[in-house]
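Here the chain labels run A, B, C and D in written order, and each chain numbers its own residues starting at 1.
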Amino acid sequence: MNQTLLFLIPLLPLACAVLNMLFGMRLPRLVAETLAVSGVAASFLLTLLFWGYADGAGTHALLGTWLPVGDITIPFALHFDALAAPMTLMVTGVATLIHLYAVGYMHDEEDYARFFGLLNLFVFAMLAIVLADNLLVLFLGWEGVGLCSYALIGFWYQKSENARAGTKAFLVTRVGDIFLAAALLWLFALTGTLEIAAINARAASFAPEVLTALTVLLLLGACGKSAQLPLMTWLADAMAGPTPVSALIHAATMVTAGVYLLCRLFPLVSLSPDGMAAIAVVGALTALYAATCALAQREIKRVLAYSTMSQVGYMFLAVGAGSVAGAMFHLLTHAFFKAALFMAAGCIIHLAGGENDILRMGGLFKRGPRELFWVFLAGALCLAGAPLTGGFFSKDGILLAVYTQGTPLFLALWGIGLLTALLTAVYTFRLVYLVFAGEPRGHGHPHDLPLLMRRPLWPLALLGLCGGLLNLPPLVGGHEWLTHRLGTLAGREILAGHSIEWALAGLATGLVILGWGFARWRYGQFRGEQENRASRFLLLGWRADALVDLLFVRPFTAMAGLCAIGCDRALVDATLDGLARQTTACGERLRGLTTGRVSTYLAGFVWGFLIILGWFLLALVK
Amino acid sequence: MIVPFAHVLIFAAILFTMGLGCVLARRNLIMILIGVEIMLNAAAVALVGGSAYWRQVDGQVFVVFLMAMTSAEVAISLAMVVYLRRRRGTLEADRFDGLRG
Amino acid sequence: MTTMATSLPQFPWLSLLIGLPLAGALLCLLQRRSAIECRWLALVTTLTTLMIALWLFVTHGDGQAGWLLREDAAWIPRFGIRYTLGLDGISLLLVLLTAFLHTVAVLIAWPEQRRVPLFMALLLILESGLMGVFLAVDLVLFYLFWEAMLLPMVFLIGIWGEEGRRRAAVRFFLYTLAGSLAMLIAMIALYLLHAAQSGAPSFALADLAQTRLTLTQEYLLFGGFMLAFAIKAPLVPFHTWQPDALSESPAAGSVDLTGLLLKTGLYGMIRFAFPLFPNATRNCLPFLAALALLGLFHAAWSAYRQEDVKRILAYSSISHLGLVVLGLAAWNATAWQGSILLMVTHGIVTGALFAVVAMLRARTGTRDLAELGGLWGAAPALSAFFLLFALASLGLPGLANFTGEILVLLGTFHTQPLWALLALPGLVFAAAYLLRLVQGALWGPAPANRGAIADLTVREWLVLVPLALLTVWIGLYPAPFLAPLAGPVQAALGGLP
Amino acid sequence: MNTAPSIPGLWCHDMIGSVVFYLLAAATLTATLLCITRTSPVHAVIYLVHAFFDLALIFYLFGAPLVAAWEMIIYAGAIMVLFLFIIMMLELSPGGKPLTVDRRRWIPVLILSLVTLGCTVLLIIQDPSSAGSGTAYHASPRDFGTALFDHYALAVQVVSFQLLFAAVGAYYVGKGEPRKRGEQPS
């Protein structure tokens, strides 16, 4: 087979997106939906078909030139390797299921063509990030997912808050993007190429300070997309979008793009110990921050959003600890169970009649479809890291990798990771209890869910539960398939004695049980939620929005006012108007000379004549 | 030449000055026009004198052109005087200040 | 440079590019009865011009340095003034843009009802003047066209503009005239200096570039030229005419003004100011970059504060051109290619945005952002185009502006990393004001008192589809548009530090 | 030709010519002075006509008989009469007063007239064209015509056009304001 056919993987969703955007509203609804789903499903099948291409060093595919920069031409090129292949498979697979779910979820939506068009476009952009051979194509995808995220968060644009949330997401992520762009410019200036493999190969020759600076720039770029500190404020608001969007973009794929970027450039990043430490610190702090916030949230999707942020923080921590395999492992399992959780949450909201507030839910175990409970529970167990689930193994791997680093900093981070694990168990089971236990507190009328909203949950929940098989540690008889698959890309090898591994696994299990016990004690019976200052602080995400508003938005607006009104109108325009007024005043004074009478002009004429005459006389005398 | 050329020029200059004085001092449009006529004649004197001095006929030819021009000018300006008298009822030059800025 | 003239007498394509619109304008004026005939006449004229420009682009766009086509004839030999036209890769792109945008402008102006023949004639005269500016190599000829394109624009604003048109037109006129007078003085001074040195008076660019000047003289003359170009571009302290003019002019005029007239200033820098005064240029580059950055941010901030949709776009225009100037100041082949490409794409994208806003205004009767909103529900196609061009304008990869911007940044970073890093936040700022615009116009609830809004008509599709196609095309495959620049840019940079 | 003769022309040897010139010049200046000081435009015009008579004599004295004739015919005859017409038509003179014979007012007129008359007689007796030996400059009508219509033919054409325009312009200005339609004739 021709390797250029690899381009079909991203281009099929793109083609379907374009078709849907242009003609979607004129096609029968079923055709538009089929087009959207089949485009993504086809790329999933193609990924399976091309799986072999990822062996060894992977396969390059060149479509054509894009941008000639001097003598160098930056092409549209793909690189399908061991890192990209599982990611591609995950993106297309999860996306296919979410598309199916979306067909059911958006059943009553009038503007379906725009929705599916954008969703397909998102898949294309995400695949561009995943498969990019050079940073510019990656940047194309990077901005593309931002755009789709923007447009889909604000999908229900009639409500201004939704559109505003989209704008916020776009702007905050774009702040991250400029750091990525800076890194891109710098790398191009250093190496004269943007090809990722070439950059990784030459990274060793950079000065240490340059490496650290580049790593920090890349980290900040990744933070924007992955909603890590300090660019995390947009993710919770992004839940304004339709639930399939939250599941696909803000849980499974786009928010992990930052992790993927760091993994892609890991050979470069890993050369800078300071940079690695920074990544780990950012990851750990975000994990803790988001977990605390999740404790106090009242909207089901916001709880999940903060949990996503927290889990992505774990992935950053893994990268910082040098374990690409651990990060990718958690990325994959997280994608599965978080997508399942979000889709189940969508069903729950649907059943509750559009009610978002978990304090007004409850009793769904008795009255809702039992199927939903099991799926949600499966997702929750994975999220909490209950033993033997996918989330358990992947999170455990990360904590092990951090612990084995051994430095005081990493030990502290490991402590934060453990604390976060405990908090995760607490808020996850809080969610489960509040939603499912007890008696109904809302006005939802239980009814049947469309088949398409129920069926896609199962494979994801199962994948989440069994995700551990992907990278089962030798401790329990596994072969670490993913680590072997990644080969040289897997990052640092983790060496730890069995006793330590057992001890850590036991500790993790203990924390989960502790968290579950606390949640059961506190939320087993609904006792209402009294609001105090601390919970309010956490509900507002540590008042980060207010801080950003104070530090950035207000100065920006003030500066805008200064420029538009202070400078342009008061300074430049006023100066010019003043000049014009002075000129007019001069003219007013001079107009007194023109009396309009012949005699005045004649007198002037004679005086002028006399002056000229006098001048001649003077010249004559000289 | 019967007299020194300078005397002719002085004569023309005095005449011219008189015309100029008339133009400047008088406010009646007719008198201003008369002043202009005097000035033109002063020029004619200088031209004829020059013609005699250099023994060239050209000076006299120019006097003829000057006369033709004068008649054109007088024709127009007198027509305007009539027009203004009809429109404004006065010939005081200072009453006409349509050009005032 | 002067020896590049081809030996065989060629068909005067360049004169045709200038003459054809002028002839069309005369025909429009001569037959003033039927507005419809005038529209078609203008359309046919602009389309023919576009065909010629396209043909030149296809046959000559291979990146050769030097003049691709040249016409030369004696004009006023006593002062060494010649009728010299020259086409190189840079002017080729701008000529193509001129021809293209004027075709679009005629289509945009199609529903104009007041004094159609005069409107079309002015539009065509403007095209002729712009062609002349982009083609003239003799300084006097350049100045002639430079002024010739000013007047039609003033009348377009002053007669067909919106409420504040008189003030805007007068401001535009005075500002640009002040600039061009400075240029005229500098031009004559340079001419006299050159004539005194060589004894052979000449206004030819190549001859004047040989003049030996002291540094002080260079600074003064460079300042004279740059004042004219900076006002036209506009660079920041001289920019306040532009939001007024852009927001008050009729739709076709806005497209022309932002797409082309502003480019003449930048083109003037590239073609005349830099090569004539190399030493002054070299010393002034940091200053120029500072002005460019100042403009980039100042305009972005100002745009964020505007309530008038057209003024937002006007300020965005200034902001983008700041980046163009930054690329020029970086003095690097990549950055220059990016700058020139950005000039072209900015013309297309911002022109398209102005066209869309004009359509919006025709439907809603307002330009006030607060009174707009919820457009997507009423007119999805129009809104989609709005969104597309807004995204292109904020530099989304895969759309036109990004290619230029990234080239500018790559090139600038290569020579002046700090400047490029300082310019980067501009990307966020651009997103801030453009998304505010999109948010206000497309999203949110529709105003209660607004009636039904029709979606695009066939004519409007005809206007927007070519613009959108070009936007995507340049975004994905800019090579054909970069190719003609390679040679000339190298040559232009070669003469200097 | 263009070298100025060092000795004044022939006519001066008998001094009569120069005396006549100074006399006429004095008369001209006096008449002009009287002209510009009159309050009545009619008187002013009459004094000016007198001054033109003297000027014509001076022209004759300078060997320009044709110009002298035209001075009389065009200036004194046509233009000044036109002035008079207009003055009278517009009733500009302070009229209405009975014509009282003020003797003193006749004195300058008489003196001027006598001077002019005397000079005229002198000139008739001493014809400058016949008297001298021919070295004095004298432009015959033939010379004059040749110069005018040969060398200055184009200028003549231009001037004639100018006269035509002036005539048209005077007609246009003088015919008064076109009455607007529907307006009552005043």
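Just so it is clear, a residue touches a chain if its C-beta (ideal position, glycine included) is under 8 Å from a C-beta of that chain, and two chains touch if they have at least 3 such contacts.
Remember, predicted model here, so these are calculated numbers, not experimental data.
Chains touching both chain A and chain D: B. The greater number of contacting C-beta pairs, out of the two interfaces A-C and B-D, is seen for B-D.
Each chain gets one centre point, the mean of its Cα atoms, and the points for chain C and chain D are 69 Å apart.
If each chain is reduced to the centroid of its CA atoms, chain A and chain C end up 37 Å from each other.
Chain B and chain D, compared by their mean Cα positions, are separated by 11 Å.
For the pair chain A and chain B, the distance between mean C-alpha positions equals 94 Å. In chain B, no residue reaches two or more other chains under the touch definition. Of all residues in chain C, none touches 2 or more other chains. If you draw each protein chain as a dot and join the dots that touch, you get a simple line with two loose ends. Contacting chain pairs (ordered by label): A-B, A-C, B-D. Remark: chain C residues 237, 239-240, 243, 297-299, 301-306, 315, 333-334, 374, 376-377, 380, 384, 387, 391, 396-398, 403, 406-407, 409-411, 413-414, 417, 420-421, 424-425, 427-428, 431-432, 435-436, 439, 442-445, 476-479, 482-483 touch chain A in the complex.
Those residues of chain B that touch chain D in the shared complex are 1-5, 7, 11, 14-15, 18-19, 21-22, 25-26, 28, 30-31, 33-35, 37-38, 41, 44-45, 48-49, 51-58, 60-61, 63-65, 67-76, 78-83, 85-87, 91. Interface residues of chain D facing chain B in the complex, by the touch rule stated above, are 1-2, 4-5, 8-9, 11-12, 17-18, 20-22, 25, 28-29, 32-33, 35-36, 41, 44-45, 48, 51-52, 55, 58-59, 61-64, 66-67, 70-71, 74-75, 78-79, 82-83, 86-87, 89-90, 92, 136-137, 139, 143-144, 147-148, 151-152, 155, 159-160, 162-163, 165-167, 169-171, 173-174, 176-177.
Here chain A touches chain B in the complex through residues 590-599, 602-603, 606, going by the rule given at the top. By the touch rule above, chain A contacts chain C in their complex via residues 21, 25, 64-70, 114, 136, 139-140, 142-144, 147, 150-151, 154, 157-160, 162-164, 167, 170-171, 174-175, 177-178, 181-182, 185-186, 188-189, 556-557, 559-565, 567-568, 572-573, 576.
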